[in-house]
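Consider the two complexes below, in which subunit A is the common component and subunit B and subunit C are the respective partners.
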Partner chain A sequence: MQYGMIIDLERCVGCHACTIACRAEWEVPVPYQRNWVKRLGPTMTKDGMAATYYPGLCNHCDKPPCVDECPADLAEMTFKDAKTGKTKTMEVAATWKDPFDGTVQVDKERCLGCGACADACPYGARYVNPALADDNSDGKADKCTYCKPRIEEGLQPACVQTCITGARIFGDLTDPNSAVSKYVKNGAKGLEVKDGHIGPNSRYFGNKKDISLLFADYTPELADMGSVKRRAMMASMVKPAMRKAKDIGLLGLAGAMLVKGLSEDEKN
Partner chain B sequence: MSPEEQSEDIARVYRFLSQCMQYPDAEWMDEDFFNVFYSLLGTLGAVNDAVEIKKKIDQAEDPVEDLQVEYTRLFINGVPHVVAPPYGSVYMDKSLQGTFAGNTLAFYRDKGFAMEENADLPDHLIHELEFLSLLTLENDLPGEEEFLTKLFRPWYEKFHPRVTEGAHHPFYRVVVQLIDFFTKEEDKDGFQPNKA
Partner chain C sequence: MAFNLTRRKFLQTASLAAASVPLSKVVSANTGVTKAPLDPKGTAGDKTVVGGICEMCFWRCQLVGKVRDGRLMKLEGNPKSIDNGIKICARGNAGVKLLYDVDRLKYPMKNVGKRGAPKWKRISWKEALDECGSKLKSTVDNYGAQGICVFPHGASAKYPMHYFERAVGTHNVSEASFFQCRGIRDTAYVATIGKAPGEKVDMPNTKVLFFIGDHLGENVHVSHIKQYIQGLQNGAKLIVADPRFSASAAKADIWVQIKPGTDTAYMLAIMNYLVKNNKYNKAFVEDHTEGFEEFAEAIKGWSLEKAAKECDIPAAQIKEVAEMLAANAPHVAIHPGRHVSWHGNDFQRERALACLTGILGAYYVKGGWVPPKGPKVKGVSWAKEDHGHKYNLNFNHEEDEKIYSNPPPGTPTELIRDCAISGKPYPIKSCVVWGQNPMQTIPNQQKMKDLFNAMDFVMCVDVMPTDVTAWADILLPEASYLERYDYIKKGTQWDLSKEHQQYIAARMPLVPAMFERKDQVYITNEIAKRMGHAEKIPVRTIEEMVDKSLASANLSIEKLKAEDGIHIQPGKDPYGIPEDFSVILYNDDLEDSGHPPAPTYKPVPGNPKGFARLLYGRAPVHTFNRSQNNVWLNNAMPDNPVWVNDEVAAKLGIIDGDTVGFVNSEGVKSRTTTTVKVTPGIRKDCVYMYHGYGSANPLLTTGVGTGVDDQSLITKLAVDPETGCHGMRNNFVKLIKDGKVLDIPA
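Right, the complex of A and B next:
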């Protein structure tokens, strides 16, 4: 089984009901979001004038780059298939891809709040929620779960339920008879990363010009995790000492030898 | 931690290291300064270095004057010769204010920064660290990487061992090791404390 979501751009009217439902359901603090709607165009594409929306969320990818980056200690977890009752035990960090439903989830208890997963996500679908900070972290990684707790209760994800035009369709992509599979057969596709294959499972359906505009504007690239990791590690190491330096006014002394203020003329 | 917060903390480190390389003066080199310095070393696991420096500072009658003498000997005017001039051109062009300094200034200007009138030469270590701090604050990661690779590391790798070998006071030996650590491409082995 692989849960997935179709966004039908032919139906989306950009009302943001989905983003509000998600924020309300999961108490997502401003400015973070698990779910967004961006307006695109009007722009001339090779297929004609296009204007559409980019409703985005976690893609619960086949090969999620966020999962590989989690530095938390591995712990044994047993997963259960809701349909068959079959179980599987795996060693996972604080974020993983569920072996049965294909969703990508986070264990907030074990999350260190380092933000490496958020840096790795090419879609910007993760954030570190500072409202969940504890003694050991500045916050906890958070993201769309495809409303797993609701699904387990037999409900639809909040964004799907609230969509006034039925532009969001949720289901099992491995079931050939599901509505989502039929959309895929008709050409719905995910925003795959440039020069890579991570298999996004939130997919987009629409007319040629709108899809062309969406893919031209929002095809992401994989993050360079070498420099991202180095940066995150450096920042977390130096934070306590450097904030102390700032508090005692030490960091204002060395400056004033380089000033920004060149006009474009002076540069040339 | 958001990318902006990360950048702020990294920019502060560059700025702090730049401060460490200023001529020692009791106006800023006080107990608070050393406490931040020891705290930074502590978080990097270099407790032995912190202890060694603290011992030396606490035992000195006038620790700032000791460091002034050492600073002058290492970086300004030593006998028979200065140990490690902190200018890139000295290592890349074998002269002060060579083309390397010009290239460095051109890079600053390209990023929209200029030198103030009373500033030292553009390829002075202090200015380069300040520049890295400013680039980082602007989240110009590609700019930071390019500057480190093309204009900072090539000469710093020659400067660093000269200080390590020529230092009489542990403070500067550790400061140049910190700068090395924070400007290296790869730091998978973590901060390597100096062997005393």
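Right, the complex of A and C next:
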């Protein structure tokens, strides 16, 4: 299966409910974001005056360029198909594409925070949160998970649940009877990169002028992989032990208060 | 160290009084410090608390809260809701950031500095209430009840407003929701169909949606947007008249790029065309209208060509619109609008909308204007008392009639301000501001400051600091909508074509109030006791108020809780014209009051040379100024770019993203700057910006100085002659770039 999301621009009113619900659900701190709404136009297109929206999020691509660039040591992980119970064991870095549901996920425990994946993503769908820096990293990469933990609980993704016009539709693109597949049959398409094929699975449906405006403004190019690779290599060379001193420096006042609290606990 | 930003900010505000923060006990090997889990838990496992009623705006969607270790993590639509359902908008979702806003008012405060330049000293509730009670009582003792003026807004302001109107006895109450917003609409429809129209158009089931300035999509109320989009999905055509290519215009079949202020001329031409060409609904006009002949006679001069010239749009397009309406009548949704205080000629525009709906026969039919049949719940408040007309500023004692013949409830704002500033015909010496921010709801900020400076006493009650709270002597912190019992929301299923159902939901706290915040019943009652009205107090607590009110529908707080916060019962079919329903096309009473009996176009002042008309509207992520300090919403739209026509911009030499300030035709400059949005989607003679930005109060650490305060540039006053409500779109601006004032080319 391959999870995917449809954004129906005929329904979308650009209200931002999706982006704010995501912040609340996953405690995404300002100024970072797992999803976004950009306002396009009004501008003149060949089909007339147009104004629409670019509600963006991770595309959980067929060939995600972010996954290949992760410099973290490989580790064995066993994946399980929620439907059949079938398992598959693979060696993965700190980010991977799930072999069963097609989502792209991050292991924050092993993430080095180097940002190579964020640089590799042509959509800007990843960010590194420096506030999550720890003994092993300068921060942690974060991104839309298609609300995998909610899906596993039988819930909708938070953005889909709150979308006031039903403009966001989530489901299995490999199931021909799913609502998302029907949209694809009717012409919903992803923002594929220029001169490449990475297979974005968040797809857009709308009238001709709105779709042409969106694709004209936001068709991305593949990142310069040379600089991404250099960054990844640098990150893998830095030894975690070097970060100890810096870690304490980053504590700040709030952290110091907690340290005090802990040491008092020890006394008691 | 894994302290994310939200948590650190939360600790600053709430560590003293609030619930503990849900930290997992993971200890770093290197530092021995407790850190947050790297992956947020998500809210799926959190406790669900029912009974929330949103008040990030006034639409009041039904909520549930997700609570973790005593902290409200997230708000969602109540799954039992037949109104908004599980859906809430950006503002609704951001309610948790209002709840835990570090800048929220926490304690009663006394201004030991000056009004407008305050120095705040924390005081006890007793001292604060004693001060409010004695100062207000002194005003009443010396000047009479009319010596108090009140500027209320929102659900929490109803109870205190009723106290001051009914028990104390002042007429001098100005609600922004009426005098700067929808009051004109309501009274114009009352003068036409006998009732206020709300926004009760049956959009999901209509064939044509007709909007004058409505910008749904930028203006977001959840069930209303659901209806709108369902209508479009069902194949309805959309006609949008707006000088700007608004969010609605972008979805329209016909965009009428009308000249501001000329909407009535446009509708008169449509109506005249329908009458002349026998395309109106004759059966409905025969059975359910009054004064058709006189009406037809009064509007007969409005040819398509005349209106085309006046409105600066093609005659053929007016005809196209008229034909589309006629072909689909009566299943057409003529939207009455909401914020309609635009140009000082708005009563006539609203009358035209109501009459257009009438001659199309679009009342009480599928897809037309249809009031849903909701449940009955009685309100509980202060007992009504008759205080006569003697001190009613909207009453001409010589003529023994009202000055403004068709005002909404309360007293027109300018009458109050003029009286307060001049002391004539009587002194007004105390001002109570409750939930309203009149610095940014009412035009001409200098006049508002003059009012405050003329007072002996000013008190404000709010959840947040705003630009008006800086003018208070005593500032009281109120429990927010998430922390109190309060409003009872009732209604029907959102789509009238679905199973007829009614619902009743009461606001119940999702978390307890923090710090020393109190609800409106407590505050009002304590002031009432000190003013000598203890025996008139209708309820002792806010729970009692809600329970008494619910009892009128055989419900209680306990019963509602057991029903997951919302009571649902069978509804009634809303379609079908009541026998006594009548549309007064030609209104003799209006004529008796000196106003046109048929809808009449009154031209508005034109642009002074070198100036553009300043237009404003809603941002989808904000409720005016109220939500500006919300960290999440501020981040979503941090400023209010000014829309400038692309050809105008080219002549001025400004490009998209430039930073500009403004000066208006009366020489008033904006305090701050904003960015430029260059677009072909606005007429050359106007500029447009979102309303509510540019707060001046430095206590709003996120919202202060972000974007430009449109209201600061609206200084020239226009007052609607029938209603006494303001018109706020007759102000004109030039852009200032790099200190240089730029003339707008004609």
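Following the convention adopted for this analysis, the second predicted complex is superposed on the first by the 228 of 268 C-alpha atoms of A that agree within 3 Å, B and C clash if a C-alpha of one lies under 4 Å from a C-alpha of the other, contacts with A are read in each partner's own complex, and residues count from 1 in each chain.
The rule is short, and it goes like this: contacts are C-beta pairs under 8 Å (C-beta built on N, C-alpha and C of every residue); 3 or more make two chains touch, one makes a residue touch a chain.
All values reported here derive from a predicted model rather than from experimental measurement.
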Touching partner for A:C114 - first (subunit B), second (subunit C), both, neither: first
Partner chain in contact with A:C15 - subunit B first, subunit C second, else both or neither: second
First (subunit B), second (subunit C), both or neither touched by A:D138: first
Partner chain(s) touched by A:E76 [first = subunit B, second = subunit C, both, neither]: neither
First, second, both or neither for A:M234, with subunit B first and subunit C second: first
Which partner reaches more residues of subunit A (counting touched residues only), subunit B or subunit C: C
Touched partner set for A:N129, first subunit B, second subunit C, both or neither: second
On subunit A, the residue positions that both subunit B and subunit C contact, one per complex: 244, 248, 250-251, 254-255, 258-259, 262
For the subunit C and subunit A complex, residues of the former touching the latter: 1-8, 11, 27-36, 38-40, 42-44, 73-77, 84, 86-94, 96, 216-218, 220, 222, 225-226, 229, 232-233, 245, 247, 249-251, 255, 620-621, 631-633, 635-637, 679-682
Touching residues on subunit B, where the partner in the complex is subunit A: 1-3, 5-7, 9-10, 12-13, 15-16, 18-19, 22, 28, 32-33, 35-36, 39-40, 42-44, 108-110, 112-116, 118-120, 126-127, 130-131, 134, 141, 145, 182, 185-187
Partner subunit C, residues of subunit A touching it in the complex: 10-11, 13-17, 19-21, 23-27, 29-31, 37, 41-44, 49-52, 108-109, 129, 131-135, 140, 147, 149-150, 153, 155, 161-166, 210, 244, 247-248, 250-252, 254-255, 258-259, 262
For the subunit A and subunit B complex, residues of the former touching the latter: 113-115, 119, 128, 138, 227, 230-246, 248, 250-251, 253-262, 266-267
